[in-house]
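Just below is one structure, and these are the notes that go with it.
For reference, chains read A, B, C and D in written order, and residue numbers begin at 1 within each chain.
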Amino acid sequence: MDIAFLITAAAILAGAAGAMAARNVVHCALCGVVSFAGLAVAFLQLRAEFVGFAQLLVYVGAVAILIVVALLLTRNFEAMHEALAFRPWTLGLAIALLVSGAVVSAILGSGLTGRAPSSAPVPAVKEIGDLLMTRYVVALEVVGVLLTVALIGAALVALREDGPAQRAKPGERGPVEGRPED
Amino acid sequence: MFDALDQLFVSLKHWLVGQLPAALQPWASLVISAAAILGVFMTLFALTVLIERKGLGRIQNRYGPNRVGPWGLLQPMADFIKMLTKEDIVPSGADRVVHFVAPLVMVVPVLLAYAVIPVGRNMAAVDFNAGLLFFFAVGACIELAVFMAGWSSRNKYSLLGGMRAIAQMISYELPLILSTLPVVMLAGSMSLVDITDAQGGHYGGWLARWHVFTPWGLAGLLLFTVAATAESNRAPFDLPEGESEIIAGHLVEYSGFKYALFFIGEYLGMFAVSALGITLFLGGWRAPVLWLEWVPSYMWFFLKLGGFVALFIWLRGTLPRLRADHLMNLAWKFLLPLVLLNAMSAALWHYTAQWTFAGAGLARWLLCASLVGVPYVVLGRRLFAGQHIGPRTYRMAA
Amino acid sequence: MGELARYLVLAALLFGIGLAGVLTRRNAIVVLIGIELMLNAANLNFIAFWRHGPHPEALTGVMFVLFAIAIAAAEAAVGLALVIAVYRHYRTTNLDQIEEMKG
Amino acid sequence: MNLGSGILKGLVETARNFVGSYYDPARLVTIQYPDERLPLPEKARSFPMLVYDGEDPEKGLRCVACKICEKECPPQCIYIVLDRDEKGRPRRRPRIFDLDISVCMSCQICVEVCPFDSIKMNTEFELSTADRFGSLLLHKMDLAKPASYYLGLHPVEAGQVNARLAAGPGHAETKAKPGAAPAPAAGTTSGATPAGSDRT
C-alpha cells in the first residue's frame, strides 16, 4: 500500500470519527469538511478528476457552508453540556459495528479484492459533457428540476411563518430614509 | 531570438530539472513551479501594497508612504518586519486550534489556484482538464477559512463579519462562475490552456481574437469584474471588513503574522481572480495586435495583471461601500439574470457565425449586444424605480 | 489487500462511522452530517468500482457520482431548512425532544 | 438616468485627482512636517519660560520670586523658592524655579499676573521625551531664555513689553534696554520662524 493512500484514508476516517464524536457541533462540521476534502483527494487518486473537483466545490464550498450557517441560525455554536447521544447509545454503535463488519468481511471474502485499476486515461470534461447531453440528458433534466424544487422548497420551509410581507422591509422605501423631517 | 526570450524561463526550468536524477524529476518540476509562483506573486503582493497605498494617496491628493527608502520603496519591508515582530494574541475564549488553522486554510487554497493559470506560453504549472473547476473548487475553501476565523475568535463582531463575508461570497460565486460559462461553452474545454489557445488568431489580420472583442465577451468581462471584486472582498464590496461598523469583521482578533497571512491571502486571491479574468476574456498571455507578438508572452500577462490591479485600486479609491441589502440585490436581481442572458448571447453569437449576407458582422454584433444591453437598461431602471437617489437630508443633521 | 479492496474497506468503515453517528447522536445537524458521510462512502464505492471495472471508458460510475453529488446538495439544503423550521417551533435541534406532531 | 454614469463620473474625478497631484502643486497641500514647517502664528504658545536681560541668565533674570504666579497657577505646576544670602536676607531672585509641563495647561494666567514681565509663553512644542519625570520638570536654567529670543517669538507683544519696561519706573529693576533688541532670529532654537506682525 502506498503512503498517499494511507494518509488519505487516515484523514477521511479521522475526520469522520471526529465529526461523529466531537462535543462542539461546529467542530463536528469542520471535521466533516476534513473528511469530505479527503474523499476529494481519494477521487483524484482514482483518477476521477472532474468528480474530485466537483466534490470539493459542492461539499466544501456549499454543503459545509450550509451546515455551519444552519448551526449558527439554530444557536448551536457552544459546546453541548448535555448528553451527546440517545440513552442506549451502545445499541446504535453495535448496529453500526455489525453492519460495517459484515460489509468488510464480505469484501474480503469476495473474489474482487485482487483486481488492479485499469489504465484508462483521466476522463476528459468534454466526454462527460457529451454524455450528459446525450445518454444522460433525461437524468440531467430531472436533476435540474429537483434542484429547482429543492431551492424553492428549502426557501419556503425556512421562511418565517408570519411571512415577510408583514414585516417592514429594511432599506426599501422606508419612511424615515431620505425624507426631511416634517 | 524572440522565441528564446519567450521561452527563457521554460528552458531554464527544463535545464534545472535535467540536472537531477530521473526519479526526482517530476517532483523537482513541481517544486520549481511552486517556488516560482510563490516568489513572483509574493513580490507582486509587496509591490501592490505599496502602489495601492501610494495610488490611493494620490487619488486623495496625498503623498502616500514616502519615508522608508527612496520614494518609500522599502515600505513593504518595514511593514513585513513590523508584522513579524508584533505580539501574536489569541483571545482567551477563542478556539485555539481553529483560530490557528484559519489563516492557513485561507492562504493554501489561493496558492493552489495559481497552479492552473498559464502565465505565459507553455507556462502553466499544471494543465488539468478541468482546470477552471479546480480554480473554483479551491476558491470555495476560502469561505470556510473566513467562517473559521469569524467563529473561532469568539467575538460578536468577528462572527458578524464572518457571516457577512460568507453570505457575500456565496451570492457572488454564482454570477462569477456563470459569467465564465460562455467562455467554456465556446472553447469547448475547461482547461485554461485550451481556453487561451482558443483565443489565438486575429481579426482582419491584426486584432487578436480575444473574447473581449465580442459582445458577450465584453459583457462577460464586466460582469466577471464586478463579481470578482465582490468575491475578493475589495471595495466597494468590502462589507465583511467594514471597519467603521464591525471593526474589520473576521480579522478583529488576529494580529501579527496570522493577520499578515489573511492580508496576503486576500491580495493573492485578488491576483488569482484577475489572472483568471485575463485568461478567460483578455487572451491570457497573448499580444493584443499582430505586430506586438515579439514581446515575451509572460510580459503581456503581467502587464494585463498590472492593469487589472490598477483598476481595482482605482475603484477602491472612487466608490463608497455598498449597503448590505443593496449588495444582495445587486447579486441576485441584477447580475444573475444578466450572466444567464449573457450565456444565451454567446450561444446566439456561435450560431450566427454562418451568416454571410452583407453587413452580417454588424447585425450579429448588434443582435448579441442588445440581448444583454436591453435587459441591462430595463433591469436597472426597474431596480432603481421608486428609489430616491440624490442629496439626502437627515433627521439628526442640524 | 488488493487495490480495489482497500477502497471498498475504506468506504465500508466510513459508512459504519456515519451510521453510528446517525443512530446515536441527538443533534439533528450532526445526524445530517452523518448521512452525508454515508452518501460519500457510497460515492467512493462507485468511483472505485468504475476505476477497477472492465469498462472505465463508459464513465457510468462518474456519471452516477455526479448526479449523487447534485442530489446530496439538494438533500442537504432541504434537510437543513427543515432543521431550521423545526428549531423555530421547539427552540431545540435535539431529536429526542421533538416528539409532538402538533405544530 | 444613465445607468452606471455615476460610477464613470466618479472614476474620472479620482483620475483627475491622481494625475493632477503630480503636476499641480495646489492640489498637493500636504506639509511634510519634520522637513517642511508652517510658520507659527504670532499668538502661538506652548508652555511658560522665564525671560532674562543681558547675557547671564543668573543675573539678568527678570523674576524676583514674588510667587504671584505660583499662587495663581490653577493646576499648581510652579514651585518657587526665594534665594537668600548668607545672613538670610532675601535676594529678590529665585533660588529654585520649577515648572512641571506635564501638569501645566498653557492657560497663560501666570503671564497675565506677572508684574515684572518675567514669565512669558514659549512656542517650543517638540517636547516629547522618553523620560516622564526628569525631562518634563523644567528647572530655572531650562526655563531661562534671553529677551532677544522672546522678541523673536512674539515680536509685537515683546515690542510693547520692551516699550513699557523702558518707560515705566513702577518696576523694581528697570534694566530694560529700549532699542537694544538683537536680531530676531538669534535664539529660535525651536525652528519656528518668527511670525510677522501681519499674522496676528
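Everything that follows uses one rule, which is that a residue touches a chain if its C-beta (ideal position, glycine included) is under 8 Å from a C-beta of that chain, and two chains touch if they have at least 3 such contacts.
These numbers were taken from a predicted model, which means no experiment stands behind them.
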Most remote chain, CA-based centroid, reference being subunit A: D
Nearest-to-centre chain - CA centroid comparison: B
Between A-B and B-D, the pair with more C-beta contacts: A-B
Whole-Å gap separating subunit B and subunit D, where each centre is the average of the chain's CA atoms: 55
Computed distance of Cα centres, subunit D from subunit A, in Å: 72
Whole-Å gap between the CA centroids of subunit A and subunit B: 27
Intercentroid distance (Cα basis), subunit C paired with subunit A, Å: 7
Multi-partner residues of subunit A (at least 2 other chains): 50, 54, 62, 69
Where subunit D touches two or more other chains at once, by residue number: none
Pairwise touch network: line, ring, star, complete, or other: line
Every chain pair meeting the contact rule: A-B, A-C, B-D
Footprint of subunit A on subunit C - complex, ascending: 1-10, 12-21, 23-27, 29-30, 32-34, 36-37, 40, 43-44, 47-48, 50-54, 56-57, 59, 61-63, 65-67, 69-78, 80-85, 87-88, 93-94, 96
For the subunit B and subunit A complex, residues of the former touching the latter: 95, 98, 128-130, 133-134, 136-141, 143-144, 147-148, 151, 159, 163, 166, 170, 173, 188-191, 323, 325-326, 386-388, 392-393, 395
Footprint of subunit C on subunit A - complex, ascending: 1, 5, 9, 12-13, 16-17, 19-21, 25, 28-29, 32, 35-36, 39, 42-43, 46-48, 50-51, 54-55, 58-59, 62-63, 66-67, 69-71, 73-74, 76, 80, 82-86, 89, 91-93, 95-97, 99-101, 103-104, 107-108, 112-118, 120, 123, 127-128, 131-132, 136, 139, 143, 146-147, 150-151, 153-155, 157-158, 160-161
Contact footprint of subunit B on subunit A as seen in their complex: 24, 26-27, 30, 33, 40, 49-50, 53-54, 56-57, 60-62, 64-65, 68-69, 72, 77, 122, 124-126, 170-173, 176-181
Subunit B-facing residues of subunit D, complex: 1, 3-4, 7, 10-11, 13-15, 17-18, 20-22, 27-30, 32
